[in-house]
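What follows is a group of structures, each given as structure tokens.
The same chain A turns up in both complexes below, where it pairs with chain B and then with chain C.
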Partner chain A sequence: MIALGRAFLAATIFFLYLPIVVMVALAFNASPLYTLPFQLTFHWFVVLANNGPLLSATYNSLLIAVATSILATAVGTLASLALNRRSFRGQSLLKVLLLPPIAIPWLITGTAMLVFFFWTGIGRGLHAMLIGHVALAIPYVVLIIGTGMQTLRADLEEAAMSMGSTPVHAFFAVTLPLLAPSIIAALLFAFAVSLDQFVVSYFLATPGVSTLPVEIYTSIRKGFTPEINAISAIFLAVSAILVLIFAQLSNLGGNRDRH
Partner chain B sequence: MSLASEVKTKGRRRPSASWATAALLTPAYGWLTLAVFLPLCAMLFFSFLKRSPIPGRPLLFTIDNYLAFIKRPYLFDVAWRSIEIGLWTTGLCVLVGLPAALALARATSGRSKHILFLLIILPFWTNGLVRVFSWTMVLREGGVLDFALHLFMPSAPTFSLLYSFPAIIIGLVHAYLPYMVLTCYLSASAIEDSYIEAARSLGARTPTVFWKILLPLCLPGLISGSILIFVPVIGSFMEPRILGGRIGVTMGTVIEDQFTAAFNWPLGAALSFTMLAVVLLIFAASSRVLAGRGTIQ
Partner chain C sequence: MIGIDIASIGKGYGALRVLDQVSASFKAGEFTSLLGPSGSGKTTLLRIIGGFIEPDDGQIRFGGEDVTHVPLWRRKVGMVFQSYALFPHMSVHDNVIFGLNRQGIKGEAARKEVARVLEMVHLTGFEQRKPKQLSGGQQQRVALARAIVTKPRVLLLDEPLSALDRRLRQDMQIELRRIQRESGLTTIFVTHDQEEALTLSDTVAILDKGRIVQEGAPLDIYERPRTRFAASFLGDANFFMGKSLAGGVMTPGGVIRTADAMPALGALATLAVRPEKMRLVPKGGADPGENIYTVTVREIIYAGAVSTFIGEGADGNQVKVLSQNRDITDVEHGQSVELAWSPAHTVLVVD
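Right, the complex of A and B next:
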């Protein structure tokens, strides 16, 4: 049974990685029509370095991801403090309100943003994408910081305050340093949410201003060359590195072995 | 009364403390209101309009958009196709994800378990679009599958799965399988070895152990995994478009068309809300099932 289980696991991992490996390998294949057999080249990475629209979309993606990461973590940490350290009426309702941005299909959220931003004159473009990405990242930040706070003892802050520290001082001197790993995890997670976001960006992009996923989608539908494989391979590598750092920080899937 | 609760009770009464609470919450919830809640309200409003609002023209209200399914019977076929795609994808994710999760929880240990776990959830954090694009490399005519087939059968005709129903399902299963492995793994790793040892010592064989112990105890993971998969899959539009081509007409692509090509925003909004209603029904039903199971155990 054990051997069968391991074989099945290996087959599952093969299925998950087969297309990704093929796609990355073809970024190094000479034929523009993806013809096999394989001939090694770095030509497509050179072509990529000269592709203006793709590079500016990459720049936009990184810019929005950095801004989203900082804004969502700042705003989400504050909300998380109130939700986890204070008690007030409507607290559980506010917690439930964090779910719609996660649970409603992005197609619906994205089109709703398009309609509303158009109607109110906010319009489309980078600023609109940023508003959308931050909103999608906030609930995750609140959850990550909240989980970090539950493992933190509230009486440490109370001890500081009972010794004459103001709440603000107690936060900066006691809570914040202890929360640092959660905050870094939240920053990374929000960055990844924004970098991977396609649907919302797609509806809020304008023809000149788009993000990397939107540009890749447009290219796939127009017809493409291994240049797209090259940028996708780089994109995959960046995401993978981010997740591995995140996993290290939050001990994701860590020692669940209780035996 | 403990010190902590005393502080909290006092905090609730002091006006300055409630101001502080409001100040902490306002940025996040203000942002969510601007970017999610108000847009959803605006979309609900739009769904009752006769046509997209043009400045200077009066707004005309109608419920026709919600009657679209009656007036345009092809939408029934599209909706059914979306549900079919959702069921196939969810079903295959159960068939692959549950055994994989059980194998991960019970047939591996220590460091290799940790690495395998990361390997399974890693693709899930990489861009979905890039992964769908990867499948076109495998499935297309002259792609890797075709190439591999011709290595063994040189005389076979060229073979392409791209732009077919199975292609859409393969891409979606690939996209959502990690959810199922993750939720089932959380259930499966909580199962005590002693339950299985007890069953075995009473003479239970492997199928009995599976049906009587492993499956029931993994059910919460299976249900939450299925919801996490079914809901986004019926709203998917990028996977059916790229892997399905002309075959890939789903509710997702029809809604997308209303906003990007047909510019019939009121109809798109009404279709979105119909889908949202279905999603909420699924969540409501499943939370009752999950809550019910929680009390049994």
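Right, the complex of A and C next:
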């Protein structure tokens, strides 16, 4: 069993991380045709600095990802509170409807959104991509926060209220701090869903306004240049650092009780 | 100190009536237990008094003030939850000071109050601990400190001892009673443990199916149960059913007499007798005037200090007798013995 586990781990590293390492290495390689021997250069980063469309796509990607994670987490947290703490008409229907979007292929969601946004006059562009990403991320947020809420007893808020807290104060003094690890995880997840999103963005992008995955895809079709590797390397570094910071924060939140 | 009055409280969920026309008075500074099996509505009643649930009808008064529609956070109650509901992200100090801060008591005055109640519950020095770093008994005492520090108008306890093991529970019963006396708070305690209700309370109210069936001092309720349910839920009881005579009932095993006033002659009546009031006597060994009932011994349960005998009357009526083992009673399985007890210990109950 252990040998099998090790083999699996090795395969994971080989097929998942090795290609990424190669890509990062090639970002620093002088040859535009990916030929060896390896010659260290920062030339592609200079080229990248002059590639306007790629840079603006990167900026769009980050902007949408940050906005999506904040919006989706805010809306999703409130939805999760409503679903778990109150009872209202259509509650079970809403609960059921929240999950399928996770399983529906993005290609279908993307097509549907394109048609629907066209009809309703929402159209395409940054705002449309933001709406699409938020819609895609909310089910994940509700799922993560909902799991966090299950470990949170309802009588904690009651206890706070019996000591003079209004419902709003009880929420901010008791529920929110205890939900913090889940909220951080939800933020991170929503951020990742948005940053990763290609299909929906591809449908909703307009010429000149796209996100990094869409721009990379378009560039590759025109011919692969190592500046793609360069932007990917930067992106990789930024998202890896973000993930580590978030993981550390949420871990701290989870450990607070034990120290 | 103020008393609590509830009048005609009703609460239902759909077709289910959880509480039905419940009225009661909880005297100022007294410790009252709401005792009943699960589903009797005792917790619902406690939560209605606290303001956690709104009743469908009826009125709640705290010392004359109508609080029926006063929201929970303005009702000034202290509540100890079954799960303690301590805030896991706050220290003991922060948990206890929470209510004071909500009342606008801050700084040195608040710290003094926290120190005072923590001393009362013997937790001085634990201020900076988190709830997870405390034992069950300690968490329980923090919950209690948190509930009494604001000097609430009523202290509500929802089965707070049920999560503790037996030994700790007995210690906490004594502690709870001491703290309640020291603080002088009007206290309402919900429990399904009859022994707990008897030992802790000034008054016990027995609930059954959404109604208070009997209310009184533990001694009165135990010695003079009014209903068959009260007699069997609070302690053990033997029942004798038969047609009513003057001063007793006619059972297939003979006449059982009581000092209680009987209903109309010929009506079906039930008499209750506590197992410890009966004794096993040799044939003809009963004192004059005592009730005598002949049974066949079916079971002998020896438990050190006491033994329990289960006998069966001629009509199949099972009778339990509790006997102190000062002298070992010499009886055997299947032996026919006589039980003797005083008519004064024979209580008329209604079904």
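In this text, the second predicted complex is superposed on the first by the 227 of 259 C-alpha atoms of A that agree within 3 Å, B and C clash if a C-alpha of one lies under 4 Å from a C-alpha of the other, contacts with A are read in each partner's own complex, and residues count from 1 in each chain.
Simple rule for what comes next: contacts are C-beta pairs under 8 Å (C-beta built on N, C-alpha and C of every residue); 3 or more make two chains touch, one makes a residue touch a chain.
Just so it is clear, the structure is predicted and the values come from calculations on it, not from any experiment.
Asks: Once chain A of both complexes is superposed, is A:Leu178 in touch with chain B (first), chain C (second), both, or neither?
Replies: The second partner, chain C, only.
Asks: Contact-wise, after the overlay, does A:Asp155 reach chain B, chain C, both or neither (first, second, both, neither)?
Replies: After superposition on chain A, A:Asp155 lies in contact with both partners, chain B and chain C.
Asks: Considering only the touch criterion stated at the top, classify A:Val46 as touching first (chain B), second (chain C), both, or neither.
Replies: Neither chain B nor chain C is touched by A:Val46.
Asks: In the superposed arrangement, which partner chain does A:Pro105 touch: chain B (first), chain C (second), both, or neither?
Replies: first
Asks: Between chain B and chain C, point out the one touching more chain A residues.
Replies: When the residues of chain A touched by each partner are counted, B comes out ahead.
Asks: Could you tell me if A:Ser87 is touching chain B, chain C, both of them or neither one (first, second, both, neither)?
Replies: After superposing on A, A:Ser87 lies in contact with chain B but is clear of chain C.
Asks: Using the superposition described at the top, list the residues of chain A that contact chain B and also contact chain C.
Replies: Common interface on chain A, chain B vs chain C: 155, 158, 162, 167, 256-257.
Asks: Would you tell me which residues of chain C are touching chain A in their complex?
Replies: 50-52, 72-79, 81, 83, 85-89, 98-99, 102-103, 130-132, 146-147, 150
Asks: Spell out the residues on chain A that touch chain C in their complex, using ranges where they run on.
Replies: Touch list, chain A to chain C: 153, 155-156, 158-167, 169, 173-174, 177-178, 256-258.
Asks: Can you tell me which positions in chain A touch chain B when the two form their complex?
Replies: 1-2, 5-6, 8-9, 12-13, 15-20, 22-23, 26, 33-36, 74-76, 78-79, 81-83, 86-88, 94, 97-98, 100-101, 103-109, 111-117, 119, 131-132, 134-135, 138-139, 142, 154-155, 158, 162, 167, 192, 195-196, 198-199, 203, 213, 216-217, 220-221, 228-229, 232, 235-236, 239-240, 242-244, 247, 252-257, 259
Asks: Any idea which chain B residues touch chain A in the complex?
Replies: 3-4, 7-8, 11-12, 17-18, 20-21, 24-25, 27-29, 31-32, 34-40, 42-43, 46, 53, 96, 99-100, 102-104, 106-110, 113-114, 116-123, 125-131, 133-138, 140, 142-144, 147, 174, 177-178, 181, 189, 193, 206, 231-232, 234-238, 241-242, 252, 255-256, 259-260, 265, 268-269, 272, 275-276, 279, 283
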